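Below is one structure, written out as structure tokens, with a few remarks after it.
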Amino acid sequence: MSAYGKYVVKKFFWYFVTLIVAIALNFLLPRMIEGNPVSVIVAQMTQGMTESDTIKRVYDTFAAEFGIDQPLHVQFFIYVKNLLTGNWGTSFGLYPKPVTEILASAIPWTIGLQLPAILVGWIIGNVLGAVAAYRKGVFDKVIFPVALFVNSIPFFTLAIIMLYAFALTLKWFPMHGGYDYQMIPSLSWEFIGSVLRHHTLPFLSIVLVTIGGQAIGMREMSIYELNSDYVLYSKLLGIRDSRIARYVFRNAMLPQITGLALSIGTMVGGSLICEIVFSYPGIGTWMFTAIRQLDYPLISGCTLLIALAVLLANFTIDLIYGWIDPRIKAAQMEDQ
Amino acid sequence: MTLGKEQLRSRVSGREISYIPQAAMNALNPTLRIIRFIEDIMKEHRPELSRKQVWELAVERFETLNLSARVLESYPNELSGGMKQRTVIAISTILNPKVLIADEPTSALDVTSQKAVIKLLKHLLEKGYIQSLVFITHELPLLYHVTDDIMVMYAGEIVERGTAEQMIFDPIHPYTKKLMGSIIVPEEGMRGHKLAAIPGTPPNLKTVPEGCRFADRCTYAQSECRQGRIELQTFQDRSYRCIVPADTLREWYAHEDE
Amino acid sequence: MNHSVRILLKSPKFMLGAVLLLLMIGVVMIYPLINRNDPLEMIALAYQPPDSKLLLGSDNFGRDLFLELIYGIRTSLQVGLIAGVFATAIGLVIGLASGYIGGMIDNLLTAVTNIFIVIPSFVILILISVSIDSRSSFVTAAIIGITSWPWTARAVRAQTSSLRNRDHVNIAKISGYSTPRIIMYEILPYIASYVVMAFVLQMASGILAEASISMLGLGPYNTISLGIIMNWALVFEAPVAGAWWAFIPAALSIAVITFSLYMMNTGMDEIFNPKIRS
Amino acid sequence: MKTNEVLISGKHLTKVFGYGKHKTTAVDDVSFEFHKGEIISIVGESGSGKTTLAKMIMGLLKESSGSISYMGKPRQLKRHADRKKYWKHIQAIFQDPFSSFNQFYKVEKLLLDCIRLQGLKLSKEEQLQKMKEACSFVNLKYEELHNKYPFELSGGQMQRLMIARIFMLHPQLLIADEPTSMVDACSRSTILDMLLKLRDENGMTIIFITHDVGLAYYVSDTLYIMERGKVVESGPAEDVIIHPQHPYTRQLISDVPKVHEAWDLS
């Protein structure tokens, strides 16, 4: 097998183990609630209900879903089987809507918001960081402190400030939601325009904060690379500065890719809270609602989905990284 | 002749004067194949060559230097330490520079790799790929076999200059004398031979003492040694930086060796 | 050690961060002594704008937001501190064990660390918080600390495993010193600056984590934190009511606290890193 | 000087790193006998296993198979107390002076620790006396150094300080792993002469690890030449260098540039 193939298999194995741990946590932690979780949940859910038949029916639904009478490992197998067959439980808040249906409606919004925002922020941040390191002087004196400040603003703080400034005071952008709720979703220009207008502020707040963190990391990596021996050697052989800058940029970029993989979890978390501020119809806002209503199946559906998405993103980044960094291939060959 | 920075880069660096750094381990960009790097050098100095011509030229040069063409397709970290050093030398000299400056090119290598590097440098000189070689090292026996002339530096100054033969067997300056006395080689008579030692440490270059910079560690230092500036003296075809006449120094050394 | 502290005092970045932080700590310690009112007491109408009496107006329940903010900052700092201590202590122990002992234990601990680095910590945080009914701010802080140790562990492991092969450690070993003594005197001094920096970062991320889960409505009970203030503002639709004072000051306070901690960290990084690299 | 009493010996020592496909044998079936009061050089290039062998002798690495006897008895290292007892007889100097020192403690503490290690109860004056004596043994001045941190010293000074430490501890066995490869030529002479002095005056047994046959020849009584984990030739220094038997030894010697003899560069 090729060195890269080995790398992929090894990574896949580790992500598979991680996935199982994530699923197990998702299964175990909510079951730490003292007593019978189903009665706790049902009691909370059926508050004010008097009809014992309804209560019984609700109880039976959840007892079956949890496999409550079975030993823990059997419950776990039931849980995994349910997950695999697409049965992620029934929402309390929107009973009897399945959790998967709610998540499916939210996923496009979250992905449409976060994926472009994180990527754009990452790219701009890296370019700015490299420029600050390479040009030094004024660039560095301006970009670095600004990036440092922006980086320390939490996603949701920036979101709230933007909401207040641009939506509430200046009224440039709408305050709530993913589109104008008076419209019927369709592929019309009007609807797309509305989606874009609702998209702008949350998008910008994620982009800005991401830029800050990435620019700092890239600046540091570039300075490190600029001081390395190969830069001096290339200079002494008469290679022009712009070409050396390209070497440096590429080499500083590689650790930034792993950096992205490692920070993507935190970024996704921050962005989800950003959604709440704008009541954006994604996973974050649903989770907010679910927590307020103590809608356990939906909460655990959200957390599982987030964990899966982050694992998948990490795995993808690792594969890309292994593909473009020759050092990984060489390291694999040394192992043999 | 004065040159601007840009002219220096395009006309001199790499094609007139070239350089071999001390740490070949890190001298090559880790994410660039060797041939890509050579192509980049050629783009600067021989832009008229096509990629194919560059490849042919590189293969030819590498093969004359007993390096396989496979090296060209490798990434630096796929090469061993000695191999990397020889690759760096081949790259540094691919434009046939007039002067090659080698800064401790063998200090991190095993003796076998060291010998291979020395052979390579000699080969380059014989073939006329380079015209002059400046070899910086603290390994004296090595210099003796590689270079024609040796120049000894102490605390930022040249203290003596002469042919390799003269410097090893007939040093004039007290520092050179001590340095040559500290040579250790696996030759008969080495055991039991008294090695020269220099007490003290070199001066801090931020606060250079007046007079001879070696005076504090020199067995023959007199009060005159610590005054004014000591100039380089010429003696026959060589020069040294000491106020004592060469013959007197030689006499002292002869007494000492008894 | 004194030597390092003296250099630190000369770093403008570190000093800016430290002064900001100390200033905030000073205010939140002293102000409750002057204004002895209960921050949860309703003393005005809902969403009163700031005036000379209510410096930052009132919230939905007519409570003094300035007083709430002071208590909120206090809780957030406490939570950050406790979370930082937990995360650093766990990370340090795991990192040292993994890096110093090596072998199978290292492989095992590294695998666990890597798994928990990839699984987003706030997912675990939410799952635990949902499962625990009565969360004091200490419990919240402890949970945050327990979910965020992997970063410290990874950094400490990397440092330790390279230090372990340094010859002064070998010399200490053949001088017959015990393992705890070697870790204490030969390893810890080298990683001390890293650990302090990691602690500062953990404190910042602990404060952020608390604010995030509080905003989700999973914050500590019976207390006021900056995240809880913002949660109230969002739940009771302060933005729609135009009551900027109900969320902007809290949001900015978090930014200022994190900024001051990041500044301290950057200042330390600039000073300690070149020294260790050379 | 060299006696006939064996201090330490090894039989069929082997060290294997890793397992399965990653298995590498660093030291392969090496046997040796080192006598009291002799300097033994172990010569080899990088990857020859000389440092691994040294670490096994030091008791820092566990041998995969084979055994080491110390003073005629099999060496016991199972318990920490056993190791501590063994280590009382052993000290080491390593290649990189910058990594041999704990950069956080001053020179004074380093030397004081040596006194403490021996469990000596000395007055302040006696301690000072001892430290001064050790420094002057290696041509250093205690007054100039005691208040300095290691990173304020030159490489040569640091290595000499390491020898001062050995002088204070006077172990039975000293393992010097390439102690001169990172210092300048003049400090090198001093260090080698110190090692000879430690042997002559204190009867110390010294294992000198080097890649340089020249140094080994100059300093040692007995030579062991290692190639890829195996000892290919051993014997009195004079015999091995002047009349090498094994082709590898010959190659090693011919690869070193000489001064009085021609250097075959073909």
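Lettered A, B, C and D in written order, each chain numbered from 1.
Just so we're on the same page, contacts are C-beta pairs under 8 Å (C-beta built on N, C-alpha and C of every residue); 3 or more make two chains touch, one makes a residue touch a chain.
A quick note: this is a predicted structure, and the numbers were derived from the prediction, not measured.
Asks: Name, by label, each chain that touches both members of the pair chain B and chain C.
Replies: Output, common partners of chain B and chain C: A, D.
Asks: Figure out the least number of contact steps between chain A and chain B, where 1 means they touch directly.
Replies: Counted as steps through touching chains, the separation is 1.
Asks: If you tally C-beta pairs in contact for every chain pair, which pair wins? Let me know.
Replies: Max contact pairs: A-C.
Asks: Just give me the whole-number Å value for how far the CA centre of chain A lies from that of chain C.
Replies: Roughly 22 Å, centre to centre.
Asks: Measure off the straight-line distance from the CA centroid of chain A to the CA centroid of chain D, and report it in whole Å.
Replies: 55
Asks: How many angstrom lie between the centres of chain B and chain D, each centre taken as the mean Cα position?
Replies: 30
Asks: Approximately how many whole Å separate the CA-defined centres of chain C and chain D?
Replies: Taking the average C-alpha coordinate of chain C and of chain D, the gap between them is 48 Å.
Asks: Quick check: what residues of chain D touch more than one other chain, meaning two or more?
Replies: Residue numbers touching two or more other chains: none in chain D.
Asks: Along chain D, where are the residues that touch chain C in the complex?
Replies: Of all residues in chain D, those touching chain C are 58-60, 80, 83-84, 87-88, 90-92, 94-96, 99-104, 113, 117.
Asks: Spell out the part of chain B that touches chain D in their complex, as residue ranges.
Replies: Residues 110-112, 114-115, 118-119, 122, 138-142, 144-145, 168, 178-179, 181-188, 190-191, 193, 195-199, 201.
Asks: Quick check on the complex: what are the chain D residues that touch chain B?
Replies: That would be residues 45-46, 139, 154, 156-157, 184-186, 188-190, 192-193, 211-218, 237-238, 241-242, 251-253, 255-261, 263, 265 of chain D.
Asks: Tell me, which parts of chain C touch chain D in their complex?
Replies: Against chain D, the touching part of chain C is residues 166-168, 170-176, 178, 185-186, 189-190.
Asks: In their complex, what parts of chain C are in touch with chain A?
Replies: Result: residues 111, 114-115, 117-124, 126-128, 130-133, 204-205, 208, 211-212, 215-218, 230, 234-235, 239-240, 242, 244, 247-248, 251-252, 254-255, 258-259, 261-263, 266 of chain C touch chain A.
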